[in-house]
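Next come two complexes, and both contain subunit A; in the first it sits with subunit B, in the second with subunit C.
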Partner chain A sequence: MRERIAGGYDNFVIPFMIGIIFLLVYLFIGLIRILKHVPGEDRKRLFLSFVNPKIIIKDLRDIICDCLLHVKIFKRNILLGYMHASIAFGWFMLIVIGHIEVALFVPQRNGSLYYPVFYRFFVAEQNYTLKGAFFFFLMDFFLLIVLGGVGLAMYKRVRSIAMGMRRTTKPCFADRVALYCLWSIFPLRLLAEGFTAGISGGSFLTKPVNMLFANFFGNDLNIYPTWWAYSIALGLFFLAMPFSRYMHIPTEVLLIVMRNAGLKVTRPRKGFAEAEIYSCSSCGICLDACPMNVQKKNINYSSVYFIRFLRRHNTRKINEIADKCLMCGKCVVLCPVGVESCNIKMAQRGTVTEKLPYDYSYLQEIHAPVKEKKEKVLYFAGCMTHLTPSIIKSMQKIFEAAGEDYYFADSDGGLCCGRPLMMAGKKEAAKELIKKNSELFMASGCETIVLSCPICLRVFKEEYRLPGIKLLHHTQYIDSLIKEGRISVNKDDTSFVYHDPCELGRGCKIYDEPRNVVAALGELRHASKEKKESICCGGSVGSLTLNFDDRAKITRESIKALTVENPDKIITACPLCLKTFSDQSMVPVNDIAEAVAEKIA
Partner chain B sequence: MNKNVMVIGGGPCGLEASAQLHKMGYNVILIEKEKQLGGHLAKWDRLFPEGIEAKEVLQPLVDNINGVKYFLDTEVVSINLLDKEYNVILSNGITVLSKAVLMTSGFDLFPAEKKEEYGYGIYDRVITNADLEKFFATGKDPRVVENPKRIGFVHCVGSRDEKAGNRYCSKVCCATAVKQACEMKALFPDAEIFCFYMDLRMFGRGYEDMYLKAQKDYGIRFIRGRVSEVSETLEKQVLVKAEDTLSGKPLKVTLDLLVLMAGMQNAKSGIRIGEMISMKRSDDGFFTTKGSILSLQECDKAGIFYAGACTGPKTLPDTLNEARAAAVSIHNYFNKEN
Partner chain C sequence: MDFGYSLSPSSRIDLDLFDRNRFNTLAEIEPDVLKCMACGSCTATCTAGKYAKNSLRSAILYLQNGQDKQALEYLKPCMLCGKCFMVCPRGINTRHLILSILKIYNNAK
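For the complex of A and B:
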């Protein structure tokens, strides 16, 4: 083990040093900027999370699983997952082992930025010593893994469907520069280390390269050009990184830490949102996920482009996409980084709508009704359900059959739950309704609220503070009635398919109870996309500007996915889905409550 | 030479067109899918603006087709173009070779149960304009209580409503609502009657007078604002929520009867035939005419002609005029070909 180059420096490290110093300064300034824009309360929460062992463990686990191993992408497509994991984890290991080698063998170079990266150039080692052979092998092994990943990445550019992606994003200029640098870094590293393997040593990969090329080129003159090229590729990659999608590599770590500390989006472009925006890897999984992309139309309304426009400060486009989005949340649950683009869009809408005047002074005149009885169960239908009265009738029948002593809170119409206002960005206005509704519910003395509308349920769960009150969607309530034997239903051979409404499935994570109920009525068939991949019905109140024709296309697409196994009936659990599907479906559509009420024994 | 003309649809439009073509010397074959002639007119009691009995209009139309071959309870099984003639196979087994085919397939009423928030088919006290005409004619409908105290009419049900899929105005419902409101007031003088409207489109001769009379003589209350939702009270009455957009206030009223003014849409039976030879339809679902002003009776496929509500909502006089115009167009078509 000896240093080959006295002083441990050579000019070829300059491009790398320029790149890495620029990147580190950029990241440092970015970090300060984000922290500055985070509300004081959140900043405190973030710092406190660093001393909370539970959160630290979660941080570490998430960073390893998401940033290095890409477990989420593995679950989606094994090949795509392997591609990401091999590059990320392989590269990470190359860096770590490089540092270990420096620390073990040339401790005087500790702290140098370039030394671990170009270790093979500076240090000569004999591969027949045990220590040397071990590290040579490890380095070559991980280099091979990364090279495999890079090969897959190149193949993906040509044929993305092989990795389960129908569409990929169009890279911008900085993306291309960074992409081609990234592709060339590792082959160049192989060449560079291969050329020096004769002097500095190597293993199963670098040695054969060395022998092969020595036959062609003979002398060691080719050493310098390849090390320069390797250094330039690295430097360029780091220079392009802040302006490219690869900014997600460092930012994702920050996002994970901030998210685990419990931070939320408050402003559309600054603070936590900025961490989300730069964590987007532009992978394009959201392109296939977005229901607006049926028939390749409206592809530009996907979250990935929304975020790209946010990075470019293109206000017109940002507003256009923010207003169009259906808020179905499919891109959020499928996003491998977990960018909560719906929240950013709502905050963006707020920049326009929060200024609009509103007057809820009439809320003061509303008082909780004086009740003779103190019913423990309260039924809140919600305004959407009042537009589909057959659901209310069915629920009344079910309550009666179960012998439930319940109170119908909004039989005469109630206050809006606030979710539509939240989705329109009018957070302050929504808070007034939420406050009033909470007061009314707390005054009622109930223990359980049964809701028929998933839109209400979601905001009740996320924004209401109702201590001591259990919130149940009617699918959950009916499921418990059947399980406890309080109602019984006549099962027959009708076949059903269940549609997961966005707000109930992805919004409240309720997937199993409705399926239990449907299975109790007849045969449960599958849709081609279901559970968290379920397609929005097209009727969402989330979009402010999507026109009826485009909505109708989404509805047809959703119905197509539901009816692949030719069910006799489509069952849904949201009044809005019911209305939307009923207009277009050839197969009869029912709410789960209607289907149960019909077959109650 | 074969002077066959196939007329599809035996409503007032088909009847009038058949009678005219027959007089001109054509060999008319008229088919009707129902068991009786007259279409919607046969199910209607009285007509606006004067309140003439529908029978008085329908009877002469039926009498006039003397000599025309017509088939009831008959549908088109297939239609296709053979050389220059249409080969139409009918469900009664007859095949007609005809140089001209006239579509008088008319309209369907918008299915009011699609606007579920109005509760048609769910609540006991909600009926449609067609149900009310039947009640006028027969005096029987279990949904109409003995002495209704309050009655509401909802205009534009399935018309001018993008969410219901129909953006257009159905043209006749405003006048029908005013007519029916007055008739109800005459039947139940003690009842309070409300009409919930967006605009009142009193475009025809005598319509405006009818509307003024409804306010002055019958005391009908017109409320500008769409009904948002309808619910049921314990007494099985209907509770209607709407906004009075003139006073800017929300409004709640309990009614004993709610009448929904279902609009028009292109008849399903007509669309089915249209699809067999791909006749073009516009965004609103009605058939596309060759021109929008000069050639309203022609399809861009030679030999296919239109008359009546299959090309958009129309009043009865408009429809009858179109029937005559179509007869002339067909006559010109035959002459040109010779």
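For the complex of A and C:
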């Protein structure tokens, strides 16, 4: 191994150096900015996470799985996952091996930014020595993998459905510049290394390229132009990166570290939210996920465009999209980076609604009822359930059949749980309701709260402090009653399909219990989209501005997905879904409690 | 002039204070407000209505009469639970209407 170029420098590294130095300075300033805007206690929590071995291990695992191997995208679509992982992992390995080579064979060049990247230009080696053969083989191998990935990426631009994506995002100008640079980087690297392979050595990929071109060029004059082109492509990519979607490459690492430290979105554009915004890779998986996109005109309301407008500080558009969103959370669970766009949208709504007046002075006059006996189980139906009294009647029948000694907390109507206020961005107002409700529940002396409304359940789980009280949705409660044999149901050959309400499924991760119950009643059939991919019923209180017609279209789409296997009945577990579906569905719709109460033995 | 003989409080409107512009702004961003037929379904189902005077129906009527301050008092206890939205026979997006009224009339006289 010997240095071919004395001094280890050539002018063609200048474009690369400009790009990389600009990028590093930009990233450093960005990091400081984000840390500055994170609230003090969150910053402390972040620094503490660096000394907590448990969190460090989780950080490392997440970074390897998500940033390098892209396990989440593999789970979504194997080809899409391979495309992304081959580019990310392949490129990472090229960089790592480049540095290893420098450290092993030309240690005097350690610490140089460009030397490992242009290693093959500066160093001459024969490929029949072991170190040449081994590392050159690895380099060519990973280059081949990256080239394969780039080929797939080009194909995806033409036919994205081949990789499981019906729609992809429209790239903006900076995205295009960075994209075309990225596409040209690796073919140019192959050419550049190919042309020098006759002098510096090569392996199974670069040697044949060298021989092929040597035959009809017959000289070495192409070496400089290709190395220059390679360096310019790299430099331009780094220059365009901060303004393009590829900013997700460095930011995702920061996002993972911050998320594992337990940080939450507090402001819509600054601090943790900024890390989330720049982690968005604009991949467009949320385009297919968003239930609003049954209508083409609504595509612009997808999370990916919301984040793009946030990056551009386009307040009018940001507010419009934030208010439109149904908050069903499907884009969040499917997002390969895990950008919690719903939280950003809620924070954004807060910038407008938090200032609005409210007057909850009446809360002071509400007192916990004086009870003679202390029931262990408390039933809280929730506002929405009071509009579907059949659910309440059914639950009462089930409680009686099970011989449960229960207390119906809001038999005469109760306070709102606070979740609709949270979703409207009015966090402070919601906190008042949460505080009052918590007081009432703690005073009741119950051990379990059974809820009929998943909207309530979610906020109870996330925001309420109810030490010693177990929270159950009625699906979980009924499931446990059946399992313990406290009630028995008659199974017949009716076929059912179960609709996962957004707040119960994606919100509280309850997927199996309701299915167990339905399976005990009859035959459980599948929907075309279910569990975490289930489609919002369209009735969500999450959206502030979506009108009735647009909602009705979503409802129809959701019913279509549910009835692909022609079930006799649609079963849901949310009063809001029940009401929304009942207005539109040709197939009868029931709440799970109604279906159980009907067949109770 | 109120001599104290009437059964219900005076609903006299001071035309000097009647600011039509605000209502027009509201109707522009929420055309739904014009659809309300004052059926009272929203008020009948209202969760907050059990504890305080909260009525979207009354608020809209007050706004049409130019009594902005009274209108706001009828909306401040709202918990945005969304029941009114589910029962409205005219399909009015009540939650956003309430937020818009609060926003536009926030510093009402």
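In the analysis below, the second predicted complex is superposed on the first by the 600 of 601 C-alpha atoms of A that agree within 3 Å, B and C clash if a C-alpha of one lies under 4 Å from a C-alpha of the other, contacts with A are read in each partner's own complex, and residues count from 1 in each chain.
We adopt the following convention: a residue touches a chain if its C-beta (ideal position, glycine included) is under 8 Å from a C-beta of that chain, and two chains touch if they have at least 3 such contacts.
It should be emphasised that the depicted structure is a prediction, and the values quoted were computed from it without experimental measurement.
*Asks:* Quick one: subunit B and subunit C on subunit A, clash or fit?
*Replies:* Partners clash after overlay.
*Asks:* First (subunit B), second (subunit C), both or neither: which does A:390 touch?
*Replies:* In the superposition, A:390 touches subunit B alone.
*Asks:* Who contacts more of subunit A, subunit B or subunit C?
*Replies:* C
*Asks:* Of the partners subunit B and subunit C, which touch A:426 in the superposed model: first, second, both, neither?
*Replies:* Once the two structures are laid over each other on A, A:426 reaches subunit C alone.
*Asks:* If we overlay the two complexes on their shared chain A, which of subunit B and subunit C does A:287 touch? Say first, second, both or neither.
*Replies:* After superposing on A, A:287 lies clear of both subunit B and subunit C.
*Asks:* Examine A:123 and indicate which partner it touches, taking first as subunit B and second as subunit C; both and neither are also allowed.
*Replies:* After superposing on A, A:123 lies clear of both subunit B and subunit C.
*Asks:* Let me test your reading of the model: by the given contact rule, A:582 touches which partner, first (subunit B), second (subunit C), both or neither?
*Replies:* first
*Asks:* Per the contact definition in the header, classify A:449: touching subunit B only (first), subunit C only (second), both, or neither.
*Replies:* Touch partners of A:449: none, neither subunit B nor subunit C.
*Asks:* For A:413, select first, second, both or neither according to whether it touches subunit B, subunit C, the two together, or no partner.
*Replies:* In the superposition, A:413 contacts both subunit B and subunit C.
*Asks:* Who does A:366 touch here: subunit B (first), subunit C (second), both, or neither?
*Replies:* Touch partner of A:366: subunit C, not subunit B.
*Asks:* Per the contact definition in the header, classify A:537: touching subunit B only (first), subunit C only (second), both, or neither.
*Replies:* neither
*Asks:* When you line up both complexes on chain A, which piece of subunit C, out of 9-17, 27-35 or 45-53, runs into subunit B?
*Replies:* 45-53
*Asks:* Overlap of the subunit B and subunit C footprints on subunit A, residue-wise?
*Replies:* 383, 386-387, 412-413, 548, 579
*Asks:* So in the complex, which bits of subunit A are touching subunit B?
*Replies:* Listed in rising order, the residues of subunit A that touch subunit B are 383, 386-390, 392-393, 411-413, 548, 579, 582-583.
*Asks:* Under the stated contact criterion, what part of subunit C meets subunit A in this complex?
*Replies:* Subunit C residues touching subunit A: 45, 47-48, 50-52, 72-73, 76-83, 85-87, 91, 93, 95-96, 99, 102-103, 106.
*Asks:* Along subunit B, where are the residues that touch subunit A in the complex?
*Replies:* Listed in rising order, the residues are 114, 116-117, 119, 122-123, 162-165, 229-232, 239, 241.
*Asks:* Would you tell me which residues of subunit A are touching subunit C in their complex?
*Replies:* 323, 352-353, 355-363, 365-366, 383-384, 386-387, 412-416, 418, 420-421, 424, 426, 429, 433, 539, 541, 544-548, 576, 579
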